[in-house]
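In what comes next, subunit A is part of two complexes: it sits with subunit B in the first one and with subunit C in the second one.
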Partner chain A sequence: MATAEAIESSTDAHADDHSGHGDHDHPAWLAHHFESPEQQFDAGKLGMWLFLAQEVLFFTGLFVAYAVYRANYPEVFINAHHYLNPVLGAFNTIVLLASSLAIAWAVRAAQKGENELLMWLHVFTLGCAGLFMGVKTVEYAYKIDEGLLWASMYNPQHLTDTGLHTQLGTFFWMTMTFGVIVGLAGWMLKGGKSVAWGWVIFSIGVILMSTAAGVVVANAIQVSSMEADHGQHASADGHDGHGAAAHGDEHGSSHAEEGHAKEGHADDDHSSDGPAADGHHGSDHAEEALAPGVLPKPEGEEQMGAAAEEAEPSEDTEPTAEDAAEEATAEEPTAEPAGETEAASEPAAEGEAAEEGGAEAAETEEAPVAAKPVYGANEGNFFSIYFAMTGVHAIHIFAGMIAFLWIIYRIAKRNFSPEFYGPVEFVGLYWHLVDLVWIYLFPLLYLIH
Partner chain B sequence: MSSQATDHAHDDHGHHVTSITTLIATFAALVALTFLTSALAQVNLGRADIWVTLGIATVKAALVAVFFMHLAHDKGFNAVILLSTLGFATLFICFALMDKGQYQPQIDDYNADKRQAAAEMSGS
Partner chain C sequence: MITQSKDGEFVDPYGDRRIEIPQGPSYLSDPPGSTLWQRVKLWAFTVDHKRIGVMYLVGILSAFLIGGIMAGLVRMELWTPGADLLNFGAGANPEEAATIAKDKYNEFFTLHGAIMTFLFIIPSIPAALGNFFLPMMLGAKDVAFPKLNLASFHLWVFGALFFVGALLTTGLDTGWTFYTPYSTTTSGPVIAATTGVFILGFSSIFTGINFVVTVNTMRPKGMTWFKMPLLLWGLYSTAIIQVLATPVLAITVLLLTAEKALGIGIFDPAKGGDPVLYQHFFWFYSHPAVYIMILPAMGVISETIPVYCRKHIFGYRFIAYSSIAIALLGFLVWGHHMFTSSQSPLAVVLFSFLTFSVSIPSAIKVFNWLATMYKGSISLKTPMCYALSFMSLFTIGGLTGLYLGSLSVDEHLHDTYFIVAHFHYVMMGGTLIAFLAGIHHWWPKMFGKMYNETLARIACLLVFVGFNVTFFPQFILGTRGMPRRYASYEPEYQFLHQLSTCGFFILGSGLFLAAGVLLYSLLWGKKAPANPWGAATLEWKCCSPPTHHNFETMPWVGSPYVYDDFVYDPDEEGYFELLPDLSRGNKPAEETVPAQV
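Here is the complex of A and B:
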């Protein structure tokens, strides 16, 4: 495209001051390989849609992983979702929806030649993106502190008084201060000679400031959610500072028995496994290196699984007390019919076993476990999928931010007009796709029930 | 800054300009559906759960695609691209799900081996 040169006035349809073509009477922004502006616009749009098609398919790969794991281990997913805060997820959803509105409106502004509105709508969108990333930062900080990581590093533990989540305040101050400085620098720059770079730097400042704001808002929401849960299970176990992961934990401690009973009942398919199941619940797993035994399988291998489970009841005599104190999220009454009883106990077992396998198990039982004995899917697998999906999505948000900074540079250069606004629309389409992916991610990850 | 709120005007090239009313209405619908899906998370609909969730998400996606992404007023081929992509994505997920139990024997064998090894290691 011949437009990248600093052409201040794109509305001059017959600008011919581009590298020696004195005699063309086409707009400066019309690339030579297109016959008309119309064709250029349509080709650009088609190209972007084809790219979006590819993006949809590659996210579908991640969704397939999600679908297969969820179909095979539904109770793991039901338990694991307790670790996520749906309020934060909903907040992020609204933020992205607002950014989509802003970008759609920006396209309208470009079509109507409203350059200043076009610019501010893009800055607003970057603000929304920063806010989103700030919330993500808080979510990830708590996950890391609670050991809720991908399968190989899954090591659930109680929230303590140390860890990343205690650094969020510092992070906020640093990011906000830096953002204000950068924003001011950009603001002054754009009033001077470097208008375009000034806007870019100002926008980076906006991103930093809104990220800081997101951190504050998200942390407030997270803390109040944790306290709300604490209040509901006040009788629980006197632990303080539970993270989101502790939701299931508190449920486990106060409803351990009910959980057992419910799991025994809820499982119609394995009435014969009732006793074994209850034994399992109590179980945990010092020796449970072996316990996790058979995974919840889809169908048909219950017999094998049941047999294997019943072979180990003798080991499952641990009292519930220690488990209750653990991340006994599986204790959460899972009325999931598809989950076998072993399945229900598996996540607890897995969580326990994994925890014990992990070098820094919060409460280590006696059994020395050489390697992490994880048999089958556990919450760690859920978190592998969670981090893969939200992580890749976050990378797309970063890429979108960079694309928007480029567009902001060009808006400041007055590249766009009602005759030429293709890039605005195309980057906007990309951003809508990022929003679309989140529209699916949110209910599938945060609202499993 | 012109501000015809409800114009369905076309710009110089005949491209449709979305009205502000349409934009705001779409956004409002999207937010409402977000609250709906969050609220429905508290309700147990049994086996319909996942379908209702996906259904609401798809309605939201359709709103974004048709109005924000302008598919309603675009060249039809762009919509064909999106719809066929969704079709292939569905095929992808369906085929994978059809196979989901297929490798269970191998998984069970692997786990049995692991269990065995662990048992031997802990000398039980």
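Here is the complex of A and C:
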């Protein structure tokens, strides 16, 4: 290296590594302190892996808190999860998996120098992130509406109409309109003055539009679940009695074995039986643990509570039944998404969605609103942890979006080539981690039994 | 270097073998004609690891000064048995005055602990000295991610402002550990402080990521893992802990913040939470953090001792492995902070056992340093004096740790001054003294000036004596039952407390003298040669102070602890390096190199 020259330029333009020194025998993207592109790539990749290790440890704190509280108050967790709609969770899981696929494909596209494909895959990923956030918005909105908040704010209410749907509608129209405007503006800008900023603004528009779409989809799923519940009530009583009486072995074995093949039926069966069965377990240790059947439910009805309470005294439950049931549900994550998201992705096909989603949501129906603080102080703990985990995860999604916008800017600037695509891969790795965390959150929060 | 032979002829005994170090403009110099504002920007937004290291140095020393003043106020309050000094603004009512004094006392020891831990000790050696010397020891131009390095410093400043600002204005009295449930119920600015800790944590994580990646990917050709200077092993182990432990602190303080702001109840027993879970989370970070503090200090000592003994470090591999062993074992012993916090008896026994196991790698290091000194030609330069202080103080601190690690003894010594003395011996007697050793060792390289050796040694003596007078009486206080964190005490403890306070002033004067000597040298010191101590690590193979790119020519990568080829040049008052004599074959260096002048 020509030393004097290097020193001179480094003193006046030291902040600018890429261009500021006299040694031009290497490509512009190779930072001056690296000796070779390989070294730069390895450094970046190792750095990202370390950052991911750090992220894992960060989430570990939350997972440990989850484990501690689930071990201390299993009944709170088992019952509280009825408030979560697994269809929405599964939908979000599929969305994130699709985005991860796209971003893995994007790395491939970058390696092959297919810039157009690389760009659109990133836009698609941002669309998925937007959908995810839209669904989360709906979930949070329902939680807030029903007063299902963290410990100190936990105040479940039985509400008929709070104007939530109007608000969500307004949110949808505003986001959608704004998204379309921003998207169009970006599209025009990228054809004209500034390609890079045009793409960035267009992508923001895509995020907003897909967020709005996510709100609609999620709301449709949620509403159809609730409607289905009401429809099922008539027959639910009979179901319940049956479930309560014969649940112990039936639930465990039938559900485990039928698994995938009879999915729809299994789910239905399970979900209308489930709470009653839980009722058993609860009543087994009723002395210390408060029957879960009497947990206040947002949409519960009095006679249902009566049915559930009647069901409790029957004592045919064995510990094995619970184990079997748990094993069975452990398989659910693999079985469910396939069927459910089909329904979810077509909210118009209400029939199917209503049946399945409804079946899930029926769980929330079984118990009465009546007895309130049976769980004493611990009731809100589940939602403390729920909001802490999903909230921190959502912040990571948001950070990922910003990182993708940066990548999109650089793609439009033609920064990447088969020789230099490190940042694409590193941000992709980060996105996979965020996805992975959700893969753990989904069963831990939505599929507890 | 020209010498005169016996015959009276002038000869140059080394000929071409002498390695000349090219001079260049210092990294401290700005381009001529730049305005003040440009100069400020060139510093504040630099990506040069050396400037970032110097900025860190200034920052942490400022934090140290604030923390030290707090310590002084705490010690002066303890001059008399009653709580009577810190009663600011109190009326004549003695009870009211005592209450205020006690509250203020709580705030001051909290400030002292929090500032010293989060703002001073944790970043001291890695962020200041490590930033400066880690790339140079690798012969590299910079760390792997210079912008991340700068971001880390900016986060440190931001976090420090948050922290100090909140603490100084409104007063926080939870202790530096923020234990729940008190921290969630007190009206103090816990949220501001924990936000500061969160930000500082990410500063630390970024430094850690940078160091691991730099060491892994940027070692020069010929420098294998076991030819690295031992400071790099220490910094590497530290960086691993920083990356793996700090995020747990981050999520902990995040949950604590949410607890306080929103009442999520995770740590609040009234809402079904578990306050002991907080302690587990906190110590899962904060015990490894103890090793974040001490491992780089051990690395500094491993660097200084062989240089001033002119002897290869003894047991290189053992020292290197013991750093990693300490880093890993450090993750398994957090429970020993909680022997009295209702853990299961089995967990307590296991944690006690694991705690003892940490003493093995620590002792390996101490014995290896001693063995290095054995038959070495020791020159008691200032860094060596500090290194010797380190060894004795760290040994006392380490051995008293064994008392605390044994269960039955800990029941009695828990929360007494014995603990206070123990961790000050390790943290201050260990890390701070090693930091001072490192500063004195590398000062000529960092700023290109020599300091006054005699005065610096006197300062070292004052620090050593003052430290022991301050903290040794606290061991005795602790065994006699004086609990920590009290503003008032029984009169029987007064003599030892007064002794301790006297020691504080000796210690303080020693530190101020050391600072004065160094600052004086900046302005009026002699220009430093490239290698004043004859050290063999790469950072000495460039000019003092280095240029922006560190090395004008790629240095010769030899063993970091072989001093045979370094020859003293009385003209420069420093050493120069000889290329290996290829004609000498396997013969030892002394036979072919003429006797030194």
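We adopt the following convention: the second predicted complex is superposed on the first by the 278 of 449 C-alpha atoms of A that agree within 3 Å, B and C clash if a C-alpha of one lies under 4 Å from a C-alpha of the other, contacts with A are read in each partner's own complex, and residues count from 1 in each chain.
FYI, a contact is a pair of C-beta atoms (placed from the backbone, for glycine too) under 8 Å apart; a residue touches a chain by one contact, two chains touch by 3 or more.
None of these values were measured; they are calculated from a predicted model.
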### Message
Between subunit B and subunit C, whom does A:Tyr440 touch in the aligned arrangement: first, second, both, or neither?
### Response
first
### Task
Would you sort A:Trp150 into first (subunit B), second (subunit C), both or neither based on which partner it touches?
second
#### Entry: First, second, both or neither for A:Val217, with subunit B first and subunit C second
neither
### Task
State whether A:Leu62 touches subunit B only (first), subunit C only (second), both chains, or neither.
second
### Residues of subunit A touched, compared between subunit B and subunit C (which is higher)
B
### Task
Identify the partner contact of A:Ala104: answer first if only subunit B is touched, second if only subunit C is, both if each is, neither if none is.
first
### Query
Can A:His449 be said to touch subunit B (first), subunit C (second), both, or neither?
first
### Task
Determine, under the contact definition given at the top, whether A:Gly380 touches first (subunit B), second (subunit C), both, or neither.
second
### Query
When the two structures are overlaid on chain A, which partner does A:Ala43 contact: first (subunit B), second (subunit C), both, or neither?
second
### Message
Quick one: is A:Leu429 in contact with subunit B, with subunit C, with both, or with neither? Answer first, second, both or neither.
### Response
first
### Query
What part of subunit A is shared between its subunit B contacts and its subunit C contacts?
42, 46, 50, 53, 57, 60-61, 64, 68, 72, 376
### Task
In the complex, go through subunit A and note every residue touching subunit C.
1, 3-4, 6-7, 10-12, 14-15, 17, 31-34, 39, 42-43, 46-47, 50-51, 53-55, 57-62, 64-65, 68-69, 72-73, 76, 150-153, 376-381, 384-385, 387-388, 392
#### Entry: Touching residues on subunit C, where the partner in the complex is subunit A
22, 24-25, 29-31, 42, 45-48, 135, 140-146, 148, 205, 208-210, 212-214, 216-218, 243-248, 250-252, 254-255, 258, 262-266, 268, 270-274, 277, 281, 547-549, 552-553
### Query
Which residues of subunit B touch subunit A in the complex?
1-2, 11-13, 15, 17-18, 20, 23-24, 26-27, 30-31, 34-35, 37-38, 40-42, 44, 49, 53-54, 56-57, 60-61, 64-65, 67-70, 74-75, 77-78, 81-82, 84-86, 88-89, 92-93, 96-97, 100-101, 104, 107-108, 111, 114-115, 118-119, 121-122, 124
### Query
How about subunit A: which of its residues touch subunit B in the complex?
37-38, 41-42, 45-46, 49-50, 52-53, 56-57, 60-61, 63-64, 67-68, 71-72, 86, 90, 93-94, 97-98, 100-101, 103-105, 107-108, 111-112, 114, 116-117, 287, 289-290, 293-295, 297-301, 304, 335, 367-371, 373, 375-376, 418-419, 425, 428-429, 432, 435-436, 439-440, 442-444, 447, 449
